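One chain, subunit A, appears in both complexes that follow, with subunit B as partner in the first and subunit C in the second.
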Partner chain A sequence: MTAFSFNTTTTLAKWCLILMLSVPVIAGTFGAVFPAMGYFPAIGETQFGLHVFATLFDTPALWQMVGLSLFTGLLSTLLAVAGALVLLAGFYHLRWLQTIQRLLSPLLVLPHAAAAMALLFVLSPSGMILRLVTSLSSNESIVPTSWWFPYDSEGISVMIALALKELPFIMLMALSVLSQPQTEKKVAGYYRIGAALGYSNIAVFFQLILPVLYPQIRLPILAVLVFATSSVEISMLLGPNSPNTLAVSVLYWFNHIDLSMRMLGSAAALLQVVVSGVAVGIFIAVERVIAVFGSHQRLSGKRHSADLWVKSVAYSIVSAYCLLIVAIIYSVVMWSVAQYWAFPNLVPDGFTFLHWQTATASLTLPLVNTLQLALAVGITSVAMVLLTLESLSNTRSSRSVIDNVLPYTLFLPLFVPGVAFLYGLVWLQQMFIGDAIWVNTFIAHLVYVLPYVYISLAVSYKKFDMRYVHVALGLGKTPAQVFFKVKLPLMFPPIAVAFALALAISFSQYLPTILPSGGALPTLTTEAVASVSGSSQRLSAVYVILLAGLPLIGFALAWYLPRVVFTPHRKKTNIRDKRHTHGA
Partner chain B sequence: MALKLDNVTIFKADRWLLSVNTTVNNGDILSIMGPSGSGKSTLLNAISGHLSPPFIMTGHVEVNGCSMTTMPAHQRGVGVMFQDALLFDHMTVGQNIMFAMPQTMKAKEKEKAVIDMLSAVGLDGLEKRAPNELSGGQQSRVSLLRTLAAQPNVVLLDEPFSQLDSHLREQIRTWTFEQLKHRQIPSVLVTHDMDDAIAAGGEIMELSSC
Partner chain C sequence: MSKQWLTRTQYAVVMALLVSALLVSAKSHGDTVRFHAWGGSAQVNGYLQWVAEQLEEQGITLQHVKLADTSDAVSRVLAEKAGGNLSNGSVDLIWINGENFAAMKKHGLLQPNWVSSLPNFALTNPSINPAMVTDFGEPTQGMEAPWGKASMVFYYRENHLSNAKVAQPTTIAELLAFAEALPGRFTYPLPNDYLGISFLKYAAVALNPKHRDVFYKPVSQQALRTITPSLWAYLDKLHPLMWRQGEYMVRQASQLQRLVDAGELALSFSFTAAEIPSAVERFDLPPDIRTYAMQDGSLANVHFIGIVFNSPHKETAKQVINFMLSPLAQSQKKKLAVWGDDTVLDIALLNVEQQALFTSNETHPSAIPPDSSSPLIAEPHSSWSDALRQVWFERYGARY
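The block that comes next holds the complex of A and B.
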């Protein structure tokens, strides 16, 4: 490959990436505008007007749906952010932090659907916690007669589940920012200076570190908020029945047998964009208030920030997660091999592998679909992102406008609610690509996977020692040779992690699978969600284990492979040893 | 092969940073000294083709009368060495050196050349080792062998000895300069240490901080 064509390839990849991120989202959103405005030729509706919106606003309980979306989304995000910050404040300067990081990381890659299902096993009226309480107490009256989890009409269950799921994400995002060499040095310096001025570690965190950290995690937090106000899986599995959150209703209208309901769904999808936007507005207002309050605090000269309180909350959060994780693993594993498990027994009445057999028999197709999609999405996304980053790292040419646009397009799929653009996208895909279910689903997955792969690899690219590149170019190697023979092998560990991340995100996609495929491409996640409404709790347990295990296998490989591949020693010595034996 | 820096002037955005006008003859080593921020490494980047904004260069970098000013880095034949050996960890010691050899050489020739090069500097039989199994001094020597294997027109040394212990330092330094002089390669050395510059035995240039 000549230098010219390699240069062209990377530039091309950059354009593909930008188009891949922006076209489906923008076109998809417009695809929802037409049916919402009354134009839906498939059922003979060609009259533009606002009548669909009129119907939408006449829908009983619409504002209750909107309220639920706002309440669950906003409160869960606020709780998750507060919780993550309290954990960081309480533990950042302690060795404990690594243990907590390891504890929370698997939760990050647990699909939302699996997380909701796992909580059902632990928190529902017949769940592990109430079994424990009932069996341990001799006093019958301690057992509550009415229980809030799941399906409570206030949406508390959904809110708690979202908060539990988002906290690890925000926490690990913050840790990755804090681990960047420059920030790490600065933070260490602030702790020393703060301590010298008599501030406690926790006060230093809130008054000095947080102002450095927060601007860098703000965008991901807002993306979490948009997701939380519009997510489907958790509200569908744990939310109240009528009405549920707006996003679940959108999905319901879209999937209604009566095609005219799709117009209502499209209008509601656009309303969802507004609702998520309002949530972001409220969140920013809350930020402002806290910022004003925070600057007063800083000037007050207080050397402690309710240290005892922060510490006890931090320890409570960690204990709660430990308790939950142990309870989830225990109950899910037990349920998956249980014959019958009467309440409030702590151990099933008998054991059987029947559910695993039933599951494995019906699992082949979903598993194959899941793996095919994930591998295709993983390879495509990692290749696209690497070439794009290579194009951007070409410092000889100055940055063009498009390079400055790129960071914003990355967040586009994360800031436009999925329910809003995915249906429009499906509508357009059917018009232009036809019924190519697999390709359509692949594109939808790619849209969600690319931003995370990009963020993860961009950090490693920034950390890469450019002197290796200078040395290799000085040896007369072309930029293409340097990329393939030096950069990629040396960056293999982070590339493997990014690939595992891509697989995990693809595994977990529910809406971007069920919508473009019209349900005709069963994956582990869609089957798992379907299994909840089915009768067998035992089968659901098997699904939760598989959904939790599959991403972990990916990350285990990402950890193991760099020890074997691109390390010069093992293979070479083996060959030499063999030669010696042959010679002898 | 002589390196000519013909009225090379470097600006940081609009601000003047440094001007150099000199010729380094074959086998000579030009030593550049000066406080940090005076643009020592930037000058090396300008010669190797890695100057990036906000730095701008005027004038010409010539090798044997040919201007390299607009050439991309990989076509210049300018080998660079840093204070770290920067051996590629995913290759063996031998592969590191073979990677640098010209593509016109056959695999067998390369293998033989590697064995000869290593034994000439007392590193016999290390070709199958992983770089990180070598001591610091051994890594520095392999790093220079790798640079030389590419048959460079010019070699740039960016404080290459500052990571080494003092007793190793003199030994590696003497050996490095011998190798460069023996092969008649014009070189530029950036250093903080006057001893390095004196040992190099060539012109010593002091950059001022601006």
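The block that comes next holds the complex of A and C.
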């Protein structure tokens, strides 16, 4: 392979990546604009106009839905960010964060639908917590009738569930920034300087490190915010229905048997984009206020930032998560093998594998579909992202327009709510690709997986020690040889993690599976969500375990394989062993 | 370094082979008949798996596409028709009745005039059994074949009720008294759900014994004005006494069973009587569950299987349905341990061997007593569902 053709390949990959991210999202959004403007030839509506929006704004309780979306999305994100920062401030200098991150990983890898299901097992009126409280405090054997979780009309349940799910993700993002060598050195220096000037570690974090860290995690945080205002699974499973959030209504209108409701759904989907935009606007305003307050604080010269308070909150968050995760694991495992389990007993009356048998009896097809999609999406996305990053690192001296556009396209799928563009995408796919169910679903998954793979690999690419490249090039290797023989082998561990991440994200997709495939491609997640609508709590528990287990296996392999297979040290021993056998 | 790279290339090759093998295996499901049916019940799913195994022996592959909501498949077919897909649809068979059928019929989404060509259809004795060719007052026109029969039953937690010294309600009026005695222990699903709208129909019919006949004609404004006052008066009193004070109502019927299992509800209802003892057997309901029918009438209906107009596998689909109407498949479905869905076949038309398939001495403390009888209420005309739902939402707010 000549240097020229390698460069062409990488540039091509970059273009593919940008097209892959932008075309489905933009085209899908346009697919929603036409029906919203009254143009829906499929049912004979060809009159452009604003009448669909007029109907939308006449919908009773519309503003309540919008309010609920804003409230749950904004407050959950603010709580999650605040919680993550408090954890970082409280524990960074103690070097406990890796442990905490590992502790949080069950909630990180659990798909949103499964997380909501898991919370139901713990927090609902007959859940683990109330069982514990009731069995310790009274002789009552009847489930209480008034309890706030779930379905409260204020949306507190949804808000808390979202916050619990978002915090580990924000932590992951922050930690990956903080573990970049340059940042790590800088941060260590700040702690030393701060300590020398008499600032407490927590004050150093908020006054010196946060201003460096925050700009780098801001984009992922905003993406989380958009997701939280527009996500469907958690509000569908835990939210009120008098009414629910706007995103759930969009889904409801799109699935309505009366096709003309799709026009209303499209208009509502566009309103959803505006609502998510407003949420981002409010969030930025809150940021500003805090920034002003923060700079006053910095200039005040105070050596402590409510240290005790921060510490106790940090410890409470960690213990709350511990309690929650232990309770989730315990109750999910127990329910999956439970016979009868009367309230408020802490242990089921007996055990059975019936539910596992029922679930696994019809699991082959969904499992094969899940793995096929995930492997194909994982390999494609990792290859595309690696080649793109390579292209970017080669053209660093002469950055073209396209290189500046790339970071924004990356976040496009995360900023345009899924409910808004996925229906438009399905419509367009039906028109242009036809009934290629597998390909359509593959594309929809890829759109969601690519950004995360990019974010996770870009960090490791930045960390890569360029001296290896310079030495190899100096020894006369072509860029292609350097890429394949130097970079890839050295970057195997982060590549494995990115691949596992890709698998985990593909595993968890619900809407991007059910919509393009029309349900003809059952995966573990679609089966699990269908089981929530089913009548067996025990079967749902089995699905939660399967949904959590699959990505965990992926991550475990990603952490374990590089250590076993690709350590230079082990390599040497292997060669020596081989020589030895040859000799013998 | 180069040696190490070799192993990695090998890895990549193995991975690529693995993926392509999986892709090829995916292609081979091309010729299967896809049956889109609600997938929320372990019993139904298990039965359909048995059906698929039986059909496999005849060289037919049946895939059960598990739906969370049947209307998902209806809108899928509608979208295909709108998109010009007239002969290569993704839905072959669909399990429907009532409004979904009315909608599909209205939009021409079902293949007409094939049912009478099925050899086993004659066993349902349609000439004296109009329910086999009428779906919620709508003639089926050979678009769908009957599959099973259901009537509404109620079930309760005996321990909970006897501890509270409350008897199970046997009329619509007693239900309100029950809710007063045990507030928060009963609810019904939103009218979007078939069981939710069925409850409203039951209540409307039971509360208007003098106006029965209006329910069997297409709905009119006047008819609505006649029957709604008593219904609203009743529901206005009932809602605050329901689970979560009626502020949250479940979206799907199956959640009722979970809430009874969790101990949150003490009384609930279902359209498949046999699902209750079977759920008890599977530990999904506690053993103190008892099933009974209301004395002021039980809503009853037939559910059907239709062939979609653009199915590419219509002939195989007919073979599938013919098998599902066979005495073997129908008797398997009727077994309590399997699903317990009542047969649509006229037992009198079967030979002795076939009749023997249906005799059983299964009894279960949680099952509806075999000697229990209550008047059946035929399904009102299908236009009533939409009308009742609409006025309900107008009165109690848009709840999705």
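In this section, the second predicted complex is superposed on the first by the 548 of 584 C-alpha atoms of A that agree within 3 Å, B and C clash if a C-alpha of one lies under 4 Å from a C-alpha of the other, contacts with A are read in each partner's own complex, and residues count from 1 in each chain.
Heads up, the rule we're going with is that a contact is a pair of C-beta atoms (placed from the backbone, for glycine too) under 8 Å apart; a residue touches a chain by one contact, two chains touch by 3 or more.
These numbers come from a predicted model, not from an experiment.
Contacts of A:Ala61 after superposition on the shared chain: subunit C is touched, whereas subunit B is not. When the two complexes are superposed, the chain touching more residues of subunit A, out of subunit B and subunit C, is C. Of the two partner chains, subunit B is the only one that A:Gly474 touches; subunit C does not reach it.
Once chain A of one complex is fitted onto chain A of the other, the partner contacts of A:Val248 are limited to subunit C, with no touch recorded for subunit B.
Contacts of A:Thr46 after superposition on the shared chain: neither subunit B nor subunit C is touched.
Look at A:Asp465: by the touch rule set out above, it reaches subunit B but stays clear of subunit C. Look at A:Lys485: by the touch rule set out above, it reaches both subunit B and subunit C.
Shared contact residues on subunit A (touching subunit B in one structure, subunit C in the other): 485-486, 489, 492, 566. Residues 3, 395-396, 398, 465, 467-468, 470-471, 473-479, 482, 485-486, 489-490, 492, 566-569, 572-573, 576 of subunit A are the ones that touch subunit B when the two sit in their complex. Per the touch definition, subunit A reaches subunit C in the complex via residues 42-43, 59-61, 124-126, 142-143, 145-146, 151, 153, 240-244, 248-249, 252, 254-259, 338-340, 342-343, 352, 354-355, 358, 361-362, 365, 368-369, 371-372, 375-376, 379, 426-427, 430-431, 434-435, 437-438, 484-486, 488-489, 492, 514, 518-520, 522, 526-527, 529-531, 533-539, 566, 571, 575. Across the complex, subunit A is touched by residues 48-50, 52-53, 72-82, 84, 86, 88-92, 95, 99-100, 102, 128, 130-131, 146-147, 149-150, 152, 156 of subunit B. If you check the complex, the residues on subunit C that touch subunit A are 1-5, 8, 15-16, 18-19, 22-23, 25-26, 34, 36, 39-42, 45-46, 49, 63, 65-69, 71-76, 78-80, 82-83, 85, 88, 90-91, 99-100, 103, 160, 183-185, 190, 243-244, 247-249, 251-252, 254-255, 257-258, 261-264, 275, 279, 282-284, 286-287, 397-400.
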